[in-house]
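As written, the chains take the letters A, B and C, and residue 1 is the first residue of each chain.
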């Protein structure tokens, strides 16, 4: 057992022994994109590769936003049977990169000039020790608010731009008998809201200090307490049945006009579009009040696993296909996210998509682009989940704001 | 060694065959169960995070573990869950078995109805339960539309009661199976003894209490082994039904272990929790198995 | 040996009987509830579900979700439905169930009829092995399968299920054979019958009922397993539960609940069938042995 991953030679030998089932020219792709739209978008990639004579062996494992796939990945790597390419998020990529399991894509990257078109904040998750190890597919931004326009109009509410305007709007909706905020009480959803709220209170510097640098002073600050107080306000404006609800059912509440707002990443847009709603006419998308300048993001990428020293021709082809502007556009139009490279034309995107691309470029240029804590792009998985524990316990009334701040400092220190 | 008589050789072979036959199973068990347990215990003293690594950290993982309120919650939930689940399944199982044993018409129809939940995976059944228990769309809503306005059933949304909905769904899944075990036990009881006791004027209640239920002891053993193993492994159910929520109110050691080992990349703490779990199981099961197996000699 | 003749000799009054029937029927309703939710929602168009009224009977009846789940739902990149995964599951379940049952029978035979020193301790160890939480074996198991060259294969997956199923099958057969008259074995031994002859000619012919129990138990557990299937199967051997999970857990996108429920019932069909068809033998099998000491 001691030899696990210590001797590269055995790992390589095992990989070679066990990939016999897959023809030499195939790529095996482990991913969790199994919903209709996502799979259709992946199919574009698949056909592109097949056009080059490279087969695609599909290995889908859905569940928990990729958690299940990451478990499977660990079993595969330990068994010496790593897939060629694996969908990955944030710190997972860095962790695998630091284990030395990923291939070096620098040649492709240099040839195609990735360094010039991918924002720095994103590069931080695609490069390990100056080496490109994965190919970014998209950028989701998570500090969006989605609103039912008809409901807002009926109650005379304009798009709120500050916390006070927002709370006023919530009060108006509440007295009109509409659920002000549609929310699903699952830890990651609570944390998604918390991300935006903390950003609005602490500002970009405070956000970075707290969730990226894990500075104890900021985590235990008065500002953090204020952020928890605001979470309590939000908690007071969700319906009684919020707990455990899937995010898409919360989105449906906004679509049906049962609720006014939902704080959710840009994937929520797909739900509106599927219900034949038009951005700007039926629904609105805007940044969480107080975070108009900032973008918190998470990005899907494909990590390339080392298949015996050098990056294989198939991996290079796959990586280059992923970063081609045509795929970036086609995929992200479907997915609701925006391209990972900033030089892609926005012609095919809808209004929310266009705004998203503009916001991303602006935030990247002004240093306001930050990884989302809730989605594993600010701190490693252990810290992320430790923060989840506190946020969700507070949101469910287990802690008051003061206790929550103390618990937050404690939980992060255990997890670090 | 070549000079042993042929018949002697045969007897000796006959003596060895049973052990040879048993050996593959024993070998697999030693490696894949006890070997892995030792490995896991070893990991609990290391700095393993994403993958096993072998830096010795002593008891650090254990001290971290006991500082986590999350772990305390999951242990407390395990106590509530296991006790209620085993007790309720056993009583419902026994009750239904006794009732079904009374020359019931339609037994052939009822039995598969009681048994089928065991056949379903919780990946989706969890959703059906989740909807049914959800006050907005499930039972509470139905009662309201039927005119019973004051009806309230919102356990799944209440962090003090959510664990009981997990018990409910788990009981639904396995109590029928327990029923089958008791039914089988009841059918195996010699009717002559009962008839004799009836002649003596014993009431039905006393027949069950004094004669029948004591004879079901082996069925209780099987039921206990199967139920406690299911209780400890309860995982899918929680994930599908509550996701561990509201908040962290329905976390169980199995979900804790999984989340620390695999989603939080703190394999050392995950291994420490597994070690404590195994020690607890051993503390309960070994005396029980010892007494049950010894008596049969 | 019909089941009815073994009903209890207890006599009950009329009121008691009515009460018993009421209780039995109430419980039947309780057990049927989730199935009702699943079936009813699997034959509705999606709009009717998302529009509320998840507990109502369908206004518009459709079987489309069933066809979709089986043959055209999105599982991975290709919209294949659950059909291809069904065969993957069969290929893995059949050998795993067969091997673990045979080994369980042999173990049970040895542990009861060829007793030796410490055999009870060995049995205790096997029984305790049933309690190992599967989460902790994942990583070392992956390593072992890799070393054996079985990573990502149907055989590797079958092996895992055999390993963690033996404890139960041994328990069943051991309890069953324990009450089998040992005199018959001794007599056969005196007649010169060997180890396997005795097993084959004397014990096996009467092992039907307990074999049914063991097969049902193993079949259900292995068919419904997700964790091992997801972790140890390769791209071309993923079992049904993994496909069902991919169908149901698709992260971002419209959740087609009607298709999910239809898929869930389809995925459970083999086990449901086993319970309904073999249910009667199941109780008989349990009766014949596993719950006797």
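Convention: a contact is a pair of C-beta atoms (placed from the backbone, for glycine too) under 8 Å apart; a residue touches a chain by one contact, two chains touch by 3 or more.
Values in this document were obtained by computation on a predicted structure and should not be read as measured data.
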item	value
Chain whose mean Cα position lies farthest from chain C	A
A-B compared against A-C, more contacting pairs	A-C
Mean-CA-position distance for chain C and chain B (Å)	15
Inter-centroid spacing, chain C versus chain A (mean Cα positions, whole Å)	38
Sequence positions of chain A contacting 2 or more other chains	1, 4, 64, 71, 74, 78
Numbers and ranges of chain B residues touching at least 2 other chains	39, 51-52, 262
Sites on chain C at which at least two other chains make contact	138-141, 245, 248
Complex interface listing, chain B residues touching chain C	14, 17-19, 21-22, 24-26, 28-29, 31-37, 39-40, 51-52, 92, 95-96, 99-104, 107-108, 110-121, 123-125, 127-129, 131-132, 137-138, 141-142, 172, 176, 180-189, 191, 194-195, 198, 204, 207-208, 212, 216-219, 221-222, 225, 228-229, 232-233, 235-236, 253-254, 257-258, 261-262, 267, 270-271, 274, 277-278, 281-282, 285-286, 289-290, 293-294, 296-297
Sites on chain A touched by chain B in the complex	1-2, 4-5, 64, 67, 70-71, 74, 77-78, 95-96, 99, 185-187, 239-244, 380-382, 385-386, 389, 392-393, 395-398, 407, 410, 414-415
Chain C - residues contacting chain B, complex	3-4, 6-12, 17, 20-21, 23-24, 27-28, 30-35, 37-38, 52-55, 103, 106-107, 109-111, 114, 116, 120, 122-141, 144, 162-164, 166-167, 170-171, 175, 178, 194-196, 220, 224, 226-227, 241, 244-245, 248, 257, 260-261, 263-264, 267-268, 271-272, 274-276, 279-280, 282-288, 290-293
Contact footprint of chain C on chain A as seen in their complex	1, 4, 14, 17-18, 21-22, 28, 32-39, 42-43, 46, 56-66, 68, 71-72, 74-76, 78-81, 246, 248, 252, 267, 270-271, 274, 335-336
Contact set on chain C toward chain A in their complex	50, 74-79, 138-143, 145-147, 149, 151-153, 230-232, 234-236, 238, 242, 245-255
